[in-house]
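Once you scroll down, you'll see the structures, which are given as structure tokens.
One chain, chain A, links the two complexes that follow: it is found with chain B in the first and with chain C in the second.
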Partner chain A sequence: MGKTLFEKIWDSHIVVEKENIPSLIYIDRHLVHEVTSPQAFDGLRMNNRAVRRPDLTIATMDHNVPTNDRSLPILDQTSAIQIQTLEKNCKDFGIKLFDMTSPNQGIVHVIGPQLGITLPGSTIVCGDSHTSTHGAFGALAFGIGTSDVEHVLASQTIWLEKPKSFEIKVDGKRKNPHAVTAKDIVLSIIKNIGTAGGTGTVVEYSGEGITDLSMEQRMTICNMSIEAGARAGLVSPDEKTFDYLRNRQYTPKNYENLVEYWKEHLKTDPDAKFDKTFTLHIDNIAPQVSWGTNPGMTCDVTESIPSPEDYSKNDQNQKKAAAKALEYMDLKQGTPITEINIDRVFIGSCTNARLEDLVEASKVIKGQKVSEKVRAMVVPGSQMVKKQAEEMGIDKIFTNANFEWREAGCSMCLGMNPDILSPGERCASTSNRNFEGRQGTGGRTHLVSPVMAAAAAIEGHFVDVRNLDLN
Partner chain B sequence: MKGNVIKYQRDNIDTDVIIPGEYLKIHDYAELATHAMEGLDPDFHSKVKEGDFILSGKNFGCGSSREHAPIALSHSGIKAVLALSFARIFYRNAVDGAFLLPIEIDENAYQNISEGDEIDIDVSLNEIKNITKNQTYKMKPFSEIIGKIIKAGGLFKYKPD
Partner chain C sequence: MEKFKKIKTIVTPLDQVNVDTDQIVPKQFLKLIQKSGFGKYLFFNWRYDENENQKKDFILNDKKYQNSKILVTGENFGCGSSREHAVWALQDYGFSVIIAPSFADIFFSNCFKNGILPIKLEEKNVEKLKHESGELEVDLENQILKTNSEQISFDIDSHKKKILLEGLDDISQTLQFEDKISEFEKQSKIPSVL
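Then we have the complex of A and B:
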């Protein structure tokens, strides 16, 4: 029987395989950031261990860096300490670091592909659950905790039970691909399979709806695999993948030879069997807006807030969860999504802060102004994205519309730096999690695409962006 | 292993409510613990006692890879989380550092164990005794390797046979 892409990558990275125990898997790239690494480096020091492959380890600071003027000192002392600690650890252990002043600094999952560090067929780990993003390039990429970070630093390997394989087929063509985006596809998937629908699996996304997407859009899809509980999500590499990675700063010298190898090896065999499958037809899907407190609590922009009974007919726990979510979100059943007024807009995060996201969002706002009731900000995913956008004049479109244009980082996606919601504030956010308090204590998050976020900034509420002229 | 139960009758308790992002900068585990569960239950820190257990529904610990989540619970005194199912990174982090036991239970145990019940978990028998209610439930056995890592006191103390 044939093998899936995931199985091929898995098999080519086995160091130790025995019956009834997890396998020891080799790691090709280890991405490190300031929040989940300090204890791991402490552990190495305590045990007099070195970093096994500093040359395969790359660090940046993204989670709690301020996104205002980089020449100013960091006011939050605990953030400053965490950032200084990463600097010291990278220096002590010989690891390449893109620090706050580096033109390569940015969200770890944005810079990996941009620099050509992310490669098809490789294994990539990082102490961050959205490591699944790199799967867009046909890499097996997943998030790990700090103990595993220490294990990989010390050994360049990880013990892992082989996950199951899950094919998510995205069939059909979107009628309006500027208004119905990759974010809407992945939110639709999670709405259908649930936040634990992918638990214990590696997802392979396939079908016309995926091959049609650009690399940046595929990253948005793979990024949110974890929100369905999957360990990783990946897409078979194709010409778009190879083109994207060609001539980047760290693209390997023998790149064209690699491409030949990848073309031959990195696809699922026609007779391979997946443990699980799901198909989404996208011909008629609408722009999505989350209304609750997990990414599965999402509906079409044309719908109204569901009642707990409508949300789940049979499951009492689900019903209760929906009722609690409505209470937290201060929403009433039956309210049309387009009548929900917002206070804040956040265009950013490893899900949706790449150049294409900013370009698409800028088309919505050109020549208009942010609603007087709304404070809106753009946080580019990396300093390189920021620079590219500025060279195109995109920053001016945002600032002329009264958006704040900030420095790169994770920012308001997870509320670790000063960019947070105040209690009760309602935000249209291009990030990945609408958990209670995620963007600041008492903050209310609606997950949407960059286009929807931009339109909401102008109007002060959600709109059906299919009615806008976005070409 | 005996203790009392703190019950959250809901699914999808995520890592952002277990330990909100703003506290991930804290290096001191005791201080981190003072903010455990703050996103969901601000009274948690005042009511939790050494040796307590948390009982909850499906997909416990979904979200971020932050090991701070099991650490914050562990340093609050929580010895085990009993849930219908776990998000995989949380489960792995809990075992890696032997911070707490992630115990998968069935619907029977979930429905019958109440807030405050005193229970006795016997991992060798895969049994949970409810001392308060005089009932016994099954727990899902740990796989062999997970059992060995937990027994050794975590990933770095475990030596393969």
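Then we have the complex of A and C:
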């Protein structure tokens, strides 16, 4: 029987395989950031261990960094200490760091692909659950905890039980690809399979609805695999993948030879079997808006807030969760999504802060002004994205519309830096999680695409972007 | 890591599904650079109001559960962020066993690195345990949960069981395979970054 792409990558990275124990898997790329690494470096020091492969390890600071003027000092002392700690750790252990002043600084999952560090067929880990993003390039990429960060630093390997394989087929063509985006596809998937639908699996996304997407859009899809419970999501690499990675700053010298090898080896065999499958038809899907406190609590922009009964389909636990979510979100069943007023807009995060996201969002707001009731910000995913956007004049479109245009970082996706919601504030956000308090204690998050967020900023409430002229 | 020993305490029922790691330890507490002291931040936004007074209706604030080491909760526990701080907080607070119908993958894996035993049980047994008022004994060696009235067996992967019972350090075990790792590196097709 044939093998899936995931199985091929898995098999080619086994260092030790024995019965009844997990396999020892080799890691080709280890991305490190300031929040989940200090305790790992401490562990190395306590045991007198070195970093085995500094040449496969890259660090940057993203979670904590302020997104205002980089020349200003960091006011939050604990953030400053964490950032200084990463600087010291990288220096002590010989790891390449893109620090706050580096033109390569940015969200770790944005800079990896942008710099050509992410490669097809490789294994990539990072102490961050959204490492699944890199799967868009046909890499097996997943998030790990701090103990495993230490383990990979020390050994360049990880013990892992082989996950099951899950094919998610995306069939059909979107009628209006500017209005119905990759974000809407992945939110639709999560809405259908649930936030634990992918637990224990590696997802392979396939079908015309995926091959049609650009690399940046595929990253949005793979990024949110973890919101469906799947530790990793991947897409078979094709010409778009190889073109994207060609001539980047860290693209390997023997790249064309690698491409030849990848073309031959990085495909699921026609007779391979997946443990699980799901198909989404996208011909008629609508822009999505989350209404609850997990990404599965999502509906079409044309719908109204569901009742806990309708949402839960008679599952008592889910019904209770939905009622709690509506209370937290201060929403009433039956309210049309388009009548929900918002206070804040956040365009950013490892899900949706790449150049294409910003370009698409800018088309919506060109020549208009943000609603007086709304405070809106754009946080580019990396300093490189920021620079490219500025060269195209995109920043001016945003600032002329009264959006704040900021420096790169994770920012209000998780609110570890000063960019947070105040209690009770409601935000249209292009990020990945709408958990209670995620963007600030008491804050209320609605997950949407960049174009939906931009349109909401102008109108002060959600609108169906299919009704706008986006071409 | 300390060896996992038999535990007997009352259970703390947290009757919720999809408890995410952002709730277990909110982001404002992820800035610490050590592993200790996270217990006071466990379920912070559910435990305390905006003035940092204890909320009366949250289960952890009920004195009855003060010495409980066993958390019983709903499906998909620990979903979301990979932050191991969530496990450090549970452990520092005093929990060593978490019982649920299912767990998120990264959280589940993080537990074993810190001497916490996550037990997957059928929904109906979890429900039963949530209402157990007496003490529950957790016997990992024999994979049995004992209440006053009954015994429930549970499954656990033999390797993971060994790690907990013997308190094994992953890294020193792995480094015994140094020759295999070096061998792998010689034939690897993926070049170094720099």
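The definition used in the following text is that the second predicted complex is superposed on the first by the 471 of 471 C-alpha atoms of A that agree within 3 Å, B and C clash if a C-alpha of one lies under 4 Å from a C-alpha of the other, contacts with A are read in each partner's own complex, and residues count from 1 in each chain.
The rule we apply is simple: contacts are C-beta pairs under 8 Å (C-beta built on N, C-alpha and C of every residue); 3 or more make two chains touch, one makes a residue touch a chain.
Source: prediction; values computed, not measured.
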Clash or fit (per the criteria above) of chain B with chain C on chain A: clash
Partner chain in contact with A:Ser214 - chain B first, chain C second, else both or neither: neither
Which of chain B and chain C A:Gly143 touches, first, second, both or neither: both
Which of chain B and chain C A:Arg29 touches, first, second, both or neither: second
Contacts of A:Ile58 with chain B and chain C, given as first, second, both or neither: second
In the superposition, chain B vs chain C on chain A residues touched: C
Which superposed partner A:Ser312 touches (first chain B, second chain C, both, neither): neither
Touching partner for A:Pro252 - first (chain B), second (chain C), both, neither: second
Shared chain A surface residues [contacts with chain B and with chain C]: 20-22, 35-36, 38-39, 43, 47, 63-64, 76, 78-79, 81-82, 127-129, 143-148, 150-151, 159, 195-196, 199-200, 226, 229, 231, 294, 317-318, 320-321, 324, 414-416, 433, 435-438, 441
Chain A residues touching chain B - in the complex, by the definition given at the top: 20-22, 35-36, 38-39, 43, 47, 63-64, 76, 78-79, 81-82, 127-129, 131, 143-148, 150-151, 159, 195-196, 199-200, 226, 229, 231, 294, 317-318, 320-321, 324, 414-416, 420, 433, 435-438, 440-441
Complex contact set, residues of chain B against chain A: 9-12, 14, 16-17, 20-22, 24-27, 39-40, 57-59, 62-67, 85, 87-89, 92-93, 96-97, 144-145, 154-156, 160
Chain C residues touching chain A - in the complex, by the definition given at the top: 15-18, 20, 22-23, 26-28, 30-35, 45, 50, 74-76, 79-85, 87, 102, 104-106, 109-110, 113-114, 157-159, 170-172, 174-175, 177, 180-181, 184-185, 188-194
Complex interface listing, chain A residues touching chain C: 15-16, 20-22, 24, 26, 28-29, 35-36, 38-39, 42-43, 47, 49, 52-53, 55-58, 63-64, 76, 78-79, 81-82, 85, 96, 117, 119, 121-122, 127-129, 143-148, 150-151, 154-157, 159, 161, 163, 195-196, 199-200, 226, 229, 231, 250, 252-254, 258, 261, 294, 317-318, 320-321, 324, 414-416, 423, 433, 435-438, 441-442
